[in-house]
Amino acid sequence: MRSDGRGACSIREVSITRNFTKHAEGSVLVAFGDTKVICTASVEENVPPFLRGKGTGWVTAEYSMLPRATHTRSAREAARGKIGGRTHEIQRLIGRSLRAVTDLTLLGERSVIIDCDVIQADGGTRTASITGAYVALVDAMRMLVERGSLPEIPIMEAVAALSVGIVEGEILTDLNYVEDSSAEVDMNFVMTSSDRFVEVQGTAESVPFTIEQMDGMRAAAKDGIQKLFAIQKEVLSR
Amino acid sequence: MRSDGRGACSIREVSITRNFTKHAEGSVLVAFGDTKVICTASVEENVPPFLRGKGTGWVTAEYSMLPRATHTRSAREAARGKIGGRTHEIQRLIGRSLRAVTDLTLLGERSVIIDCDVIQADGGTRTASITGAYVALVDAMRMLVERGSLPEIPIMEAVAALSVGIVEGEILTDLNYVEDSSAEVDMNFVMTSSDRFVEVQGTAESVPFTIEQMDGMRAAAKDGIQKLFAIQKEVLSR
Amino acid sequence: MRSDGRGACSIREVSITRNFTKHAEGSVLVAFGDTKVICTASVEENVPPFLRGKGTGWVTAEYSMLPRATHTRSAREAARGKIGGRTHEIQRLIGRSLRAVTDLTLLGERSVIIDCDVIQADGGTRTASITGAYVALVDAMRMLVERGSLPEIPIMEAVAALSVGIVEGEILTDLNYVEDSSAEVDMNFVMTSSDRFVEVQGTAESVPFTIEQMDGMRAAAKDGIQKLFAIQKEVLSR
Amino acid sequence: MRSDGRGACSIREVSITRNFTKHAEGSVLVAFGDTKVICTASVEENVPPFLRGKGTGWVTAEYSMLPRATHTRSAREAARGKIGGRTHEIQRLIGRSLRAVTDLTLLGERSVIIDCDVIQADGGTRTASITGAYVALVDAMRMLVERGSLPEIPIMEAVAALSVGIVEGEILTDLNYVEDSSAEVDMNFVMTSSDRFVEVQGTAESVPFTIEQMDGMRAAAKDGIQKLFAIQKEVLSR
Amino acid sequence: MRSDGRGACSIREVSITRNFTKHAEGSVLVAFGDTKVICTASVEENVPPFLRGKGTGWVTAEYSMLPRATHTRSAREAARGKIGGRTHEIQRLIGRSLRAVTDLTLLGERSVIIDCDVIQADGGTRTASITGAYVALVDAMRMLVERGSLPEIPIMEAVAALSVGIVEGEILTDLNYVEDSSAEVDMNFVMTSSDRFVEVQGTAESVPFTIEQMDGMRAAAKDGIQKLFAIQKEVLSR
Amino acid sequence: MRSDGRGACSIREVSITRNFTKHAEGSVLVAFGDTKVICTASVEENVPPFLRGKGTGWVTAEYSMLPRATHTRSAREAARGKIGGRTHEIQRLIGRSLRAVTDLTLLGERSVIIDCDVIQADGGTRTASITGAYVALVDAMRMLVERGSLPEIPIMEAVAALSVGIVEGEILTDLNYVEDSSAEVDMNFVMTSSDRFVEVQGTAESVPFTIEQMDGMRAAAKDGIQKLFAIQKEVLSR
């Protein structure tokens, strides 16, 4: 049994609260256990320079942690004057994941900027961010439809993400911070509701992993992500 | 009557939620109406270089707004690579206000870093930050006492802050965003529970103000801040 | 008696030298005792992006100290790659103070940039900057009138500033560096020639202050600023 | 047949030239077809702060492209003053890949810094970098053994990397730039000579991919990487 | 005799390899002994803002060293976030030298950006850069003529550069790193094939130098640069 | 006759005012006609890291222009967040020039930082800076001797600098801004009072120059610099 009482292939309690703040077109508080992230989706009626005049839209993401989201306080990236490598890696991942399920042509020449701000971290902040950001994105798209800016929601299917790892030789789903810190392998899977993959990232933190282990982690991720799709669907149907 | 139904000298509904996140020594969600700020107090067992070896502690603050805390999204200061003038001004104000009520010698060679992160802005983010940060600071100090690191809480009295302004010639207490945007004068008062001032900042946004107006705003602030002290006290006694 | 022989409510010897450098539309050397600041006013035929097409002008300020304006050399902000919090705070104050007496609509779509460069510091650099910058601003406006770019000078009244503080319990006007370093309270007042306030900033450096003390400092400031208005007027009438 | 005449599962011509420059402890020019990268390994007798006094070493990597390594010139990151997200992502990947096969305890408190500078880019710069950097790392370790600084080479096994993608529905090994630009899916595999994985990164550039496709890409990568191990081995045996 | 067996006024073995990389309009590897620099010339169909609409072109240069081009590894300027003074000095020198022989009006509103990236350093990197960049520039211009973008090559004459110094009182031509490190005086001459000067930079590293010494160094430089012109001419005639 | 009535080989009126500001160990206002620079010399009892423990001192320089020292206002380098190439070039030149006449071993492990801040620019700011900074440096050294920190002044001889150029084919000494803007060639000479050179920098702004022209400029510079030495000597003897 795991430190928090879960079975090896259980995900933590996941909650997604819509309309968490009032200004953004989409605003969600997502919690994967003690990991809590505010995901907002902001619509802007322009696109980055490289897309201007091409009749296509854009979805991008930024990610940050409050300084004391973690056990010890980390310096703000604004104070250090630059964004670190880990932040770059995560925000690029979130952006790609959401673009994969968005019909950018249908969106037209506008941008949706996803902001994922971690207010409390306990492992899996990037997977929680993607899972919550999807809901914020749908809410922003619904508002565009309501406003008459779009004929229909330009989202092709749902997207959600989960981490799976190997700790002391055993495959565990949805690692918390303590498990993540001691994991031999850490894999993040981003899947769509049609059971396909948009991102797979696996890293051997200490010991290289075999094909069999990769297959095991993949199966565990697929199982867990089904539950995330169910939660997203339920939350969006309210 | 004001847009939100308040009388001229009423403050908005204020709530202070302690233990809002789990890692920080002190962690508070403070709300002044729709303005919501997460204030954490982090203890570090060291002091900045200019204080090393002097046997005295330090309290400092950092302030930030989530990109979509506001009506339209603002770029992250981390992405722009530098902290703007307004942020500098506010975080210096918060730091000075809290140091004014802290016995730094009693604190010993350790630092408390206050982080004020605005998750939703509707005017008065700096005064909400100071008022909430005081509670987070007390909680962090209590933890130091509980741990046996300090014999007693090195806080001399309470501190709270309120904005008062002149809108269409009338003095209004605790301006919300719409009022603040159209105010002729904007004054922020930071007071201690012994009815003294630690910071006074008044700015004529469009029309210079008279001595009489300044006295009127000061009286209104004093009244409102009494209510904040009562709320802080009640919250801290739970 | 004070270290430099002044009475408690005397200002230092103030001099304002016009046309100090030759390129700027307005250029002044202002001295408050040993505090010396070069204030230039530069006219540019454009406005910042947020004002374009609105038919209104802009006045803004930048502030800096030469590295060895102070007792010990401070690193250049250009070398450190960023502007510090104190500089931000001061240059924003100068800009707001001058905008408060400028009719920006009358100015039309052009900007006046005020540069305050402290060449020698002995306390009160921000108040000397505002007082001198006003003269440079008037000179720049006169040049615009002379050139036929403006029908009249778009300045509504004079503006000047003074610091007042409490040192060893006594209210002192126009603090020099030594007094400022040991002051319990430091207040800066920016007033217009119609006896109204555009900025009030008071800070308890060590001990909170009472209403009575605030009133005393305000009265002292008002007295001293009268003398500054007289000097500005005399200098501008040459 | 592919644009350069290769079969779907053929890698490009790979060459690894040792001792390419004279100062570095290890220096290699690696070419995967027209992709050419200089990989150097520099030994420093210290470790980053977080490892000091722990008796363990460090291997890290930096990655850059010459401005005109690409079809159109890209601005230098030094000129822009910050390192972009893609660069961060790649250099972190290279560093993790090499650490995975290095016995850091055996290395002792010293660092090896890998610099991968792309002088000509035609797709697959990160996989060429990892494959070439391994040879530079071994050369640097051999020099440490020759100097008597290390009793044996602290490398546990070989590491190499290959990209595989799906272009027009077909799995292709070792994509060149043209193929990469039009790929539906792009996966990078980093494997060790014991047939295990240290990094797997798959991205659906336009269309999500299935489990079957992932298995197909993985098998193709495994085949191709065998050839890279053979080349590394042959080159290192000269 | 010098450490590498040369006579006092001999230049090192110089080689210039054209078409070193495939994307740039001009691409050269230049070697002055063990100093090796990749020089590329990139054509862009625009000019910097200060030249727009003036019907004239621009030639500019950027310079960098790979981190391990030197005996000990130097930090990347991109990682440090700013370009150092030495780099600025050198790239400005290269740019001015090439503009001096280019007919910018004939070039029309387009830019040629020269990138000089030192892959191995052994003294004289700036003089090798200028000498090699000239060849890359000619190649880029030839491509513009071939493409029909220009009627003729807008280069007025050849330009090359050489360092001369005084070591232990003796004038030495084309200093290598060891000689450069111990030189009393270091002069760089940039000359055109009509025997005229475009840049002269002499620095007394430790002992000021006399007119006679300056004349001696100038004569030595003139001799050596003749050889460089011959090599450039031969290489360009292939 | 030149625009300001001078003959071709006349320098402008030069004045050097000592003790211009009160905090620095040496402080000078130097004027070459309308070019005015504040040069201060600050002593610090430490040396940069690369010199620690070597028993030798350091002299370095920083250079800046007030934003409105020039005809049109230039943005502050602090506001842009980085120091430009021209500034780097000039401050490195000033530093080398002063080190060339300082006995750094005699100075001991302390630094003198020269700050040259141009308050009004009319050509020749770098040569005025060097000429004035020498006087500030001597004053700082004298103070060290007076304080008993040094047995004697560690300056070996005087140093001064002058620009000479070719305008419309004619050699002109000490160019003002208008002349400098239209010069075909611009040379800066830094000489010591023993008639030797520490720096020579010549640039063909538009037309390469011949040996004869270089000799002519050198002779003109030598003549003019004699006058600068006389002025420095007279000023220092007061």
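Going by the order they are written in, the chains are A, B, C, D, E and F; count residues from 1 in each one.
In the analysis below, a residue touches a chain if its C-beta (ideal position, glycine included) is under 8 Å from a C-beta of that chain, and two chains touch if they have at least 3 such contacts.
Keep in mind it's a predicted model, so treat the numbers as computed, not measured.
With steps allowed only between chains in touch, the distance from subunit C over to subunit D comes to 3.
The minimal number of chain-to-chain contact steps leading from subunit B to subunit E is 3.
Of all chains in the assembly, none touches subunit B and also subunit C.
With centres defined by CA atoms alone, the chain at the far end from subunit F is A. Subunit A and subunit D have Cα centroids lying 28 Å from one another. Note on chain placement: the centre of subunit B and the centre of subunit F lie 50 Å apart, centres being C-alpha means. Put simply, the C-alpha centre of subunit A and that of subunit F have 59 angstrom between them.
Shown for subunit C are the residues in touch with two or more other chains, namely 81-83. All chains join into a single ring; listed from subunit A onward through subunit B, they run A, B, C, F, E, D. Those residues of subunit B that touch subunit C in the complex are listed here as 82-86, 88-89, 91-92, 96, 100, 187, 191-192, 194-204, 206, 208-211, 214, 218.
Taken in their complex, subunit F has these residues touching subunit C: 21-24, 27, 34, 36, 38, 40, 42, 44, 62, 64, 66-71, 73, 76-79, 81-83, 113, 115, 117, 119-121.
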